[in-house]
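Below, subunit A partners subunit B and then partners subunit C, in two separate complexes.
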Partner chain A sequence: MTGEVVVTGIGAVTCHGGGTDTLWRAMTAARIRRPDEPADPLAVMDLPRINLVPDPDLRAARATRFAVAAAREALADAGLTGLSEAAVVLGSCMGEPGPNERERGGDRWTAPFRLASATATRLGLAGVAHDVGNACSAGGYALGMAYDMVRAGEADVVLAGGSDAYSRVALGCFNRLGAVDPDRCRPFETDRSGTVFAEGAGILVVESAAHAAARGATAPLTLAGSGWSCDAGHVTAPHADGEQIVRAMREAVGPAGGATAIGCVIPHGTGTRLGDEVESQALHRVFGERTPDVPLYSLKALLGHAGGASAALGAVAGALILRDGHVPRNVPLREQDPGCDVWLPQRAPVPLPRDRRRVLVNAYGFGGSNSSLVLEGAAA
Partner chain B sequence: MSRMHVVVTGLGTAVRGLGNPGELLGDRRPGGVPADPVERLTGRGLRYKDRATKLAMVAGEEALAAAGLIGADGAPTVPGESVGTVVSTNFGNVDTVCETVATIARDTYLGTSPMLLPATSSNVVASWLAITHGLRGANLTLCNGRTSGLDAVNWARLLVGSGRVERVLVVGVEPDNPAVRHLAPEQDEFFDGAAALVLESAASAAARGVRPLAELGPYARRAEHTRAVADVREREPRAVGLWCVPEHPEGIRAPGASLGPGPVGGVRDLSELLGPSSGALGVLQCVAGTAWLAGAAPDGADDVVLASAGTGDTGRDDAAAALILTPARSA
Partner chain C sequence: MSGTNGTGGTMWAVTGVGGVAPEPGAGDGDWFDHRVRLGPRGYKYLPAAAQYLLAAARAALADGGRTDAVPADRRGAALALNGGFAGLFDSMDRRIALEGGAAGLSPATAPFFAVSLLGSRLTSELSLKAFALTLASPKVAALEAVEAGGRALAAGRCDTLLVGAAEHRLPESPSGDGFPAGDGFPAGEGEQGAVALTLEPRSAAEARGARVRGTVAARSLFVPPGRELPAGLVSGAVRRLLSDLDTTVEVHHVLDGSPFAATVAAAVDRAAGATGRVTPAGAGCLAAAQALAGSLTGPPGTRLLTTVTREGHAALALVRTGPDPYRGPGTSHTSQKRGTH
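So, the complex of A and B:
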């Protein structure tokens, strides 16, 4: 497989609203956002906390709605508004849960994983449609699949990313597992006690460099690497040795020297005690002595954990960082866990050095499903 | 597209009444009250695995063993990092999800079992396959509707061609349970089973001294069934010896000229034989096709197997996929 793979458009829907401009404003403001409580009378649980997209209709097919909105923005950003043929690859934890969870369940069920084909249909796109059910790493897998498809010559343009919406089942399960933080999503903080889910969608236009050049797309970002692995250890917990997440990162950053060109990491860091520690230690193994100089941007502290959309939103955030040339300061930490010895800039944005215009995005899911990808900015 | 030759080296099935993959070529529907294939599983933790996971584990283990990738203890005989997993299922864990919706509505979240909750995760089948056999390569779950099985087989090829892994276990699985029946009230028959195959590069099979059973030929996924079939036939024009057709194939006609003289092995409608098999169909077709090439094809014939799934805009599907299997070359 050969050929450069570029990213020519990005789109996002988050708890801060629609659009990448909105996301960037939230990233640069770095304000704390308290979780919402869904207006769902059946969400009877101790901690019904989730960061909702500001769209009051909880009965709608929200995951599809978010994906379509983000895809439209990405296509417009790429200058591909008249497109009629493109592949669509979407990852999700829960697919489209809305119709199946509207009431008490059991009246009428629909297959939940039709996000990709539904999005393609709404956008009038003919082409391959893949629905990826890789739990919380699904968006990262979707982007890696787009990378493989373009390199293999199976597609010139792929709309890839992820989308997840409020699911009573997911929220109930995390309550039952005692994995919801009662305050908010606080990755890498000393007294964190779980995650807080979020709704959202992130979509990227992934394109062959030749196709982008032929239509005059300028200064694109490059999807420079993708790594996948599986812990094959436990169905919910990450393997404590971090061996497989190290392998995914190393595969994504490339052979010797690849890690030295990384200027920012958007970690998976969800706020679970073990997950944040294992990832922090794994970063030390990948970056070695450079680790204290590699800034992390903890996107979930700003957005919450958007499940199968989280890696795609991480990639969108990475693209925004590369376009701007600065890593924004993080949402303030009360106290950083000494067991998570990584650099989370708190006071001011950190400029990306010219020789480190690369962002590494990590995403991990149940079953030890690991993905890492690298975005590279155009030469400054 | 990668020019790497990717071959099939192991097959497995978990279908009630089906003794081995070759029986997919028979005309007789599995009858009587044969043993449930999941009864072959032993060990702890089965109580908390859903039916799709158990079916996939049976078929997956059979395929891995047939390919020589696991020993008697189920552990891999090659580095676990070199083996990926691709699962195709549209309804895999829908029973757990539906049950959880109902339980939360009835008893709040406190009525749910923490042991069952991991099974609400969409990738639970692929996760357990990897955990059971230490498969640490790429682990992918596809839910693409009726083309999903053939898409999964092609993704296995891409994973090998891209260098992500050296071998891939592909499993297509659909369970029959009340939740699935609720999803498709118009159906009166349901497939309940799994099919599995191991794919790897021809070089990898040769290095391991394993005899390839078949080789993957061209694949295409298009909006129309006719286009998908025409596309693969253009790239592989040898005579079709066996054609495995999509679900509800009425109205489906592959372009006559592109099929060559009528398939000597006939036209197989596995959904007619076993029930509509949704995301498992493409994998079932490839298992049946490989069994035909490896055993039932006429001696000396150079015929290929055509598998097509999804009827595209001819029927009720949003797409159609076609894939060709060819006889394995001599090493």
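So, the complex of A and C:
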């Protein structure tokens, strides 16, 4: 397993709309977005708050719709329109939950994890199709699988990422767990009190470098590393020592020196009290005395928590940062938690130094399912 | 332009096989008592599929599997389910929508809206810290778990791997109004039980004197429904699994009754030079997992297991039990390829 793995195309659907241009405009505007309330009369819960994709049809196969749209954009971005063979690996927390929830359009129980096959079918792609169900780190695991497949020589082109859509069951369970912030998704703020779910999809074209070069793809990004780990502990809470999330990050950044080349971190940072603190402390262990100089881009403050799509959207955002060469300022914090001693640029974009054109993306899920990945920009 | 260009794969040693399933005719509620199977306390609020998986994993360890032969950071898990949590989800949806709202949900079961928690207790009890990967593609997820987990082993993400698949019966009435269960299975039915396997490199198993049940490798394919099977796709996959020394191959197809499944099975038969026996797929991924476990615990031989679905998924697993034709001084454990040696 030695082949270089590149990213030649990206696509996104978020609560700000479709397309990576839309996402980048939202990132650079850094405006606060209030959560939506789904038009679902059966969502009987205290805080039916979620950042919805602007698509009013809650009875549609939304997660599939988002994945297909993001995949089409990614293929076009890669210059791979007309492709008939590729692997598709998609992560999701809930799959396509709507048809199995009351009054949402289904007429029989269907296996919810059909996003990969549905996307491959809509795009006419033969090859392999895998659905990964690793909760809120699913997109990171899917990208890690794509990384392994290309390095093993099993695939030249993999459409990989994640997609999640509104689920009454998931939102109800998060309400019951007291994990929904009544205001909005506010990672790293002092008085944060949970997260806010979001819909969305992020898809990347992951390709062997040799294949990309042979077809003339220029200045691709490199998927430089992938790390997985499992806390093997509590069902919902991260292990307080952060040992396994540190290990995943270290595996992704690579051996000695790997961390020094990281110019930006897109943290998991969901707004839960313990999660943000543990990740902040883990970043100190990975980056040591450099930590205050490593800018974090807190994507969930802008998008909310897109579940199994969040890591993939993080990777898309990382790719946009690498293409632009700047880390955008974050959505403004009212007051940063002193227990989360990390740098969240507030006032202005931060340029990526030429020797630090690497972005680390973290994603963690229930059950202590951790993933990290590193994207590297082409030489400036 | 090629999307997949597999170059073969390592055959992994299986040192433990375990499973739980109801006896024919057993009632839904009485075939599995978690207090007897797992312990008197601490398992009541685990979803049934997670209970089954834990019991199957313990059986695999009792059969000789040793996940603890390596440090916790080197123990991985690749797990599979389709409808394993469907009944739980339906009951939670009913409570939220019709019976007073989300406040009435049990806080003990609320976290299990995430299907990856199928393995949460398992990874905790066995300290499987390398990773816990959850595959969920319809019906092929168990063989995908062998494939993806094996790939992770080969990539160095772990040194031992627990592969598991679990399912539980489908909800009685997901919509609350006579809503039928899907995929041709009556409401309230579906699969129940779990299978677990412990995998590791054969050299590692032999170095510690473990009994090897057999070796296994898996590959998967996808063809969009309605599209003609690409020439060479199935035969290529079979060729990458089988070798010239696999002169006699027993083929077993687990099929969902779709025309696509029949087409792929026929292509597998042609490529393998055999006529496979066919058994029906279940509502989820358990039938293929059980067939795989059966192949590993059967008499010596080479077996090719196929499962194919109407959604366009196909997965193949090669199992060798008994003497490995490639075992000998200086030989590798990598399956050599038909037509290339």
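The criterion applied here is as follows: the second predicted complex is superposed on the first by the 375 of 380 C-alpha atoms of A that agree within 3 Å, B and C clash if a C-alpha of one lies under 4 Å from a C-alpha of the other, contacts with A are read in each partner's own complex, and residues count from 1 in each chain.
Rule of thumb we're sticking to: contacts are C-beta pairs under 8 Å (C-beta built on N, C-alpha and C of every residue); 3 or more make two chains touch, one makes a residue touch a chain.
As the structure is a computational prediction, the values presented were derived from the model and not from experiment.
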(request) Specify the outcome, clash or fit, for subunit B and subunit C once both structures are aligned onto subunit A. (result) clash
(message) After the superposition on A, what does A:A26 contact: first (subunit B), second (subunit C), both or neither?
(response) neither
(request) Could you tell me if A:C15 is touching subunit B, subunit C, both of them or neither one (first, second, both, neither)? (result) neither
(message) Just to be sure I read the superposition right, which of the two partners does A:G133 touch: subunit B = first, subunit C = second, or both, or neither?
(response) both
(request) Have a look at where A:W228 lands relative to subunit B and subunit C in the superposition and call it first, second, both or neither. (result) both
(request) Would you sort A:L333 into first (subunit B), second (subunit C), both or neither based on which partner it touches? (result) neither
(message) Under the stated touch criterion, which partner chain does A:A63 make contact with: subunit B (first), subunit C (second), both, or neither?
(response) neither
(request) Please tell me which partner, subunit B or subunit C, touches more residues of subunit A. (result) C
(request) Identify the partner contact of A:V88: answer first if only subunit B is touched, second if only subunit C is, both if each is, neither if none is. (result) second
(request) Figure out whether A:I50 sits in contact with subunit B (first) or subunit C (second), or with both, or with neither. (result) neither
(message) Output the subunit A positions appearing in both contact lists, the one against subunit B and the one against subunit C.
(response) 1, 42, 44-45, 93-95, 100-101, 103, 106, 108-114, 116-117, 120-121, 126, 128-135, 138, 141, 145, 148-149, 151-154, 168-170, 172-173, 175-177, 228-233, 235-236, 244, 247, 365-369
(message) Residue numbers of subunit A touching subunit B in their complex, please.
(response) 1, 42, 44-45, 92-95, 100-101, 103-106, 108-114, 116-117, 120-121, 126, 128-135, 138, 141, 145, 148-149, 151-154, 168-170, 172-173, 175-177, 228-236, 244, 247, 251, 365-369
(request) Could you pull out which subunit A residues touch subunit C in their complex? (result) 1, 42-46, 83-88, 93-95, 97, 100-103, 106-114, 116-117, 120-121, 124-136, 138, 141, 145, 148-149, 151-158, 167-177, 215, 228-233, 235-236, 244, 247, 365-369
(request) Would you pull the subunit B residues touching subunit A in the complex into a rising list? (result) 1-2, 80-81, 85, 90-91, 94, 97-98, 100-102, 104-106, 108-110, 112, 114, 117-118, 120-124, 126-128, 130-131, 133-145, 151, 155, 158-159, 161-164, 179, 182-183, 221, 223, 318-319
(request) Using the touch rule from the top, collect the residues of subunit C that touch subunit A in their complex. (result) 1-7, 72-73, 77, 81-83, 86, 89-90, 92-98, 100-103, 105, 107, 110-117, 119-120, 123-124, 126-139, 141, 144, 148, 151-152, 154-157, 170-171, 174-176, 179-183, 187, 220-225, 227, 230, 233, 284, 311-313
